[in-house]
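Working notes, structure below.
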Amino acid sequence: MTHDLESSRRARDADAPSSESRRGFLKLAALTGAMVSTTGTRALADGDIGFFAKDLSDEKLTGMYRTILRIRWHERTQADEMLTNPDYRGYNHFYAGQEAVATGVCAALRNGGPFDQIDMVYSSHRPSGHAIAKGVDIPKMVAEMDFRSTGMNGGYGAGMHISDPTVGFIGADGMIGPAPVIASGSAFSFRARGSDQVAVVFAGDGNYAAPHFHSTLNNSKLLDLPLIYVCENNLYHQYAHYSYSCPHKDIAEAAAAYGIPTEIVDGQDVVQVYNAAKEAVDRARAGGGPTFIEAKTYRDYNHWGAPGAKAGELGAFGYDPLAITSFRPEREVRAWMQRDPVDIARKILIDWGVLDDAGATTIEEEVKAEIAAAFEWGLSQPLCTPEDGLKHVFATGTVPARQFG
Amino acid sequence: MTHDLESSRRARDADAPSSESRRGFLKLAALTGAMVSTTGTRALADGDIGFFAKDLSDEKLTGMYRTILRIRWHERTQADEMLTNPDYRGYNHFYAGQEAVATGVCAALRNGGPFDQIDMVYSSHRPSGHAIAKGVDIPKMVAEMDFRSTGMNGGYGAGMHISDPTVGFIGADGMIGPAPVIASGSAFSFRARGSDQVAVVFAGDGNYAAPHFHSTLNNSKLLDLPLIYVCENNLYHQYAHYSYSCPHKDIAEAAAAYGIPTEIVDGQDVVQVYNAAKEAVDRARAGGGPTFIEAKTYRDYNHWGAPGAKAGELGAFGYDPLAITSFRPEREVRAWMQRDPVDIARKILIDWGVLDDAGATTIEEEVKAEIAAAFEWGLSQPLCTPEDGLKHVFATGTVPARQFG
Amino acid sequence: MTQKSWMYSVFEAVQYEMQQDPAMTWIFELTPPVASNPGLPVINLETEFGRKRVVNTGIDENWMVSAVLGAGLAGSKAATYIPYQGALMPFQVIQNVAGKLRHKTGGIAELPVVWVIEMTGQTPGFGQQHSCYEEDSYYMHIPGVRTVIPSTPYDAKGLMHAALRSSDPVVYLYPAGLRTLTEEVPDEPYEVPLDKAAIRQEGSDLTIVSSGAGMPGVLDAVETLTGEGMSVEVIDLRILKEMDTETIVNSVAKTKRLLTVDQSYYTLAPGAEVVARAAENVEGARFKRVAFPDAPPPASPEMFTWMRLSAEGIAGAARDLV
Amino acid sequence: MTQKSWMYSVFEAVQYEMQQDPAMTWIFELTPPVASNPGLPVINLETEFGRKRVVNTGIDENWMVSAVLGAGLAGSKAATYIPYQGALMPFQVIQNVAGKLRHKTGGIAELPVVWVIEMTGQTPGFGQQHSCYEEDSYYMHIPGVRTVIPSTPYDAKGLMHAALRSSDPVVYLYPAGLRTLTEEVPDEPYEVPLDKAAIRQEGSDLTIVSSGAGMPGVLDAVETLTGEGMSVEVIDLRILKEMDTETIVNSVAKTKRLLTVDQSYYTLAPGAEVVARAAENVEGARFKRVAFPDAPPPASPEMFTWMRLSAEGIAGAARDLV
């Protein structure tokens, strides 16, 4: 098993010293600035993409690129398993296309150290990108997703329930609604115990319509909670465009109404995402309360699994057969895929002189090998023992079997 | 039993012809305009209180005054019963102080006719004002509130559950949260069946924090539902000021964020309330969707029942013993009671020449007599039959007794 | 009569009632109101009745259920389809508002509403949160709401007609695992009564009581047991509220042996009520329950398939009892 | 030892645990975290621990319960007091998130949280919606959550300590009708175990099983029955999940007569489970259940007092059975 999370964890540590000189920002802005806008109080000059990322170390920036690649190749490999390996039983709600969001946000967080100092991430039904960005052990996640007993969660939870609190990844949640409210509770406890930790929740555009949305924002604002709500607006909930459930063009408008600072960022650009997250984290740690970040993004695959996808190719095409009211047009998919977060990150790093083309390719090859090894290890792990299903209902003991009378 | 609902129902009928000439509005504005403001798109000239009420018939205006008095004297009589009659078992969450809100809104509604043309009102735990304004039979309501078998709901529901769909009073609801969402469902059905009916929900400032608030406004806006949300902001929920649960000064701001037209009105002034409601009703009937009206108001009694009140006197004073975080200062109560909706309505009508002082006093005496008779009738009605509790669980049949084994 | 799937049978009933009543509405979220069946026209409520009556909404099951309730109170027949993920989101409004409405108004409130609430198919791998087989118990405890749980396409259609014509609110539990089950189903509308259990097979040695997606496993087990010479009476509850006590008690009085079979968690599964009613009314009988353990359903297929109901588990319990 | 009210005993435990653990939080809505008792200092959590740890919130019980869950997941002990009006508002998050969390994470998630959830006192006049005596069944069906229901001040304090020290989530049902019940309660902290029923009286003719606010009526009835020469064994369930089967089965094996008494609706009240477990394990016993009918509680005191539990109703059922 070859995977080296240590270096990337260090790179992702937001508290690492940052001594690098500023870099050529305006140039970058021309590349990526198209979708930038904010509803917050801080107005950006036209073409300016913010400033925090300029001060990051090369190691940290490279780490972000590596993270994006890890998420991407984990997914492509898993999709290929689903499409070609009849013995593979795992599944996922794929995150490909959205990698820059998880990566940029988690790069601004504290992802290691004692549990009472680490920042906490709440994820959704689409968790593998968030999990990797937060630093979970990929081979163990691969094993978990294929229901192996040595998986991250012993094979109990799999795709929609992965969790690793040791890196602050509180975990996936298969339900739409509850996670943001629960995340606000973690933020509540940080404030009550005087900790400078922050809680982050990743939630889709679909979550806007859930009644919990109001509870989360209202209480976070009222109590000034250190909560960062990252709304990944990929335009669709399961089978309908978000305009079927939201009257706002920018969901951030809804948050701004509570008096919460908001940022709308290009979710395909990891640097923009990082900048917004860094500002939010700084504010939250300083007792300034919540921030709402809306990342405009898109998923390359359909809602669930790999229908419409081909092995060895990125993305899924063709209308989702269940989407009757509102389709996801193939042209829309192809247009968004032009703005690939991997490509954008790579271009930025090369443009900034952090990497050259060969260096970027080397990293990509390393990541591919790492992921291949993760699958090799994960899929060779032992299956679960049936009787163990009766464990872990409570902290101690086993519940009785009842299925045989 | 002497009570004459017919004339007042006719007077309250918003579709009755209105041929009267305009009246001296600017004069009135000086009396009542202090708290006027709007967040809607229609800006009012300074000192202008709107225009619809000017065209109402004398009969209709007098009817509104009569309604306010009915609500007031029903409550004062009931409070006195609670304070002095040990055999009286009824209770209420008193509405005194807020009468102009229910009266002004319901005066703009269709309160009679076939069930599929009538406008529908959803009320709260504080329902008797809404019920009277919508036109329920007061003696039957009095009987219901004292658990009599000939009460409006056979003694099954009493204070927090009164209902009379024949006048479109769908009814009280003791829970905070559900009523607005359910009301939006009635509005949904009106639109689906092409009816021009409107649904109205009365909800307190406390309801803002309930997650249902978001669902109601979001879906009403998305589907353009003919729903009028009347937020009676009496500054407190059970034992806390609304600032403990709401970050907005005006709750209407929250509604405006959805793109819903809002009006903030002086809830002590029935004419202002009527004007706002009339505009909202016209818009809803014409397919223009929802409106949110925030009425700034205050309750003269404490949250529940008559603690702190004296028989024969209006209002309850002294701190509520259970309100630990946030008090309702006695000075605040006394200040608000200076702006009594009965007095304001009376002054307006006299100022407009609709009534003279003697006429106003006559109406007051008539109403007192009517309410006294309602209590006499109501409290002499038969008690319920124990076994009947097993009825009305379903449309037909009786459920078995289980309490004896 | 044509072979029809469960899903098609249900939508055939809904389509008919919507054609009869132009006020009737249908609210959905992610389950399109579309069904097809070999040899029959595709049913698509959205295109047939338009988007004013058939609405695709956001992820807010509490709104869906509440909106249907409000439509019913306003005099419109109304229904919604709640996917299993949201099965308990609208619980409070059904429990504390809808179920109490007729009673609290002294019989006045009419509620011609149906909430179709899915129960997950027992798909291995879904895991804890996407596994609402347990909701039958929660909804069954509520007074004032008729809770039904069909197990065949025939009953699914007939109960849907009956539910939509009833002025009582109905929780119509939809076991997603049965969606593609097929049988002969009449083309014309008909009602299956909202208060009768079905005796699927008569017998004298043992009574087995189950419901919904528990039934196929029971029928498989009974085939084996019958082959072994056991005479089993099989009762499909069909209606959880008001439960048909008479059919159960009469059967157990005859067989003196009762086995209940539930997909729901053991503690307070519907079988607890079945056993308790029989035990109160029949002396000297013997009782056993098969159910999901009091544990969330694990994702691992190995754990899960061992824990869920199986024909062998049911047959084994039956043999123990007789 | 001092005579203490139920309410005071509960807050004494909470106060102690908050003093021990500076991270512990308390969220409330309309029930002030204040208790007084003759001869003892007033407890006021809000003034003692400040408004960062003790928060008065808006009317959003789902947020309250979810926030406490999130605090627990972040490593802080946390509790909230949900008034009976909101008793089922947070149902889904307890049922489909909290109860499944430890299991779905393979044992990793720690949830040191307590949700105090009120059940109404059976006050005549309150009527249907303000009458959540029924929630015991809903919460009892959920795996992964320890649901307790004390019936005495002593147990109320000891179970609160145990609940707050447990790393399992606990639904602590608080029968509001018992708030002012008084008995001798130790001043120092102690635990009542989260898995044991209490035998309140031993006897040989009949076992009566009840819980929470059902207990006072049972004890009254038993006094009468004892006076009449009947030997009654009285079991107070105390814990609904995991229910103490052994104590019940041993008792019924001895008495061969079981009467269950519930304030909850008959169908699937906790008594259904008690009868079913006994019936599965004891042959030749007789069973009866007393419960609230399957109807919402009417407001009319005449109807309501006839329908709710009474000592006479319980005693009558006991006589019928023996």
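For reference, chains read A, B, C and D in written order, and residue numbers begin at 1 within each chain.
The rule is simple: a contact is a pair of C-beta atoms (placed from the backbone, for glycine too) under 8 Å apart; a residue touches a chain by one contact, two chains touch by 3 or more.
Worth saying up front: this structure is predicted, and the values here are computed from it rather than measured.
Chain centre most remote from that of chain A: B (centre = mean of CA atoms).
Centre-to-centre spacing of chain A and chain B amounts to 48 Å, using the average Cα coordinate of each chain. In this assembly, the C-alpha centroid of chain A lies 41 Å from the C-alpha centroid of chain D.
Note on chain placement: the centre of chain B and the centre of chain D lie 38 Å apart, centres being C-alpha means.
In chain C, the positions touching at least two other chains are 57-58, 60, 62-63, 89, 92, 96-97, 103-104, 127-129, 143-144, 242, 288-289, 293-296, 298-299. Looking at chain A, one finds that residues 155-157, 161, 173, 175, 209, 211-212, 215, 218, 222, 244-246, 393, 399 touch two or more other chains. Under the stated contact rule, the graph of chain-to-chain touches is complete, every pair of chains being in contact.
Within the complex formed with chain D, the chain A residues making contact are 115-116, 120, 151-157, 161, 163-165, 170-171, 173, 175, 178, 181-194, 197, 199, 211-212, 215-216, 218-219, 222-223, 391-395, 399. Residues of chain C touching chain A in their complex: 30, 32, 34, 44, 46, 51, 56-60, 62-63, 85, 89, 125-130, 259, 266, 288-310, 313-314, 316-318, 320-321. The part of chain A that touches chain B in the complex is made up of residues 209, 211-215, 218, 221-222, 244-248, 253-254, 256-259. The residues of chain A lying in touch with chain C in their complex are 89, 91, 147, 149, 155-161, 173-177, 206-211, 237-240, 244-246, 322-326, 383-390, 393, 399-405. Against chain C, the residues of chain D that register as touching in their complex are 88-89, 91-92, 95-97, 99-100, 103-104, 127-129, 132, 134, 137-138, 140-144, 241-243, 264-265, 267-273, 275-276, 278-280, 283-284, 286-289, 293-296, 298-299.
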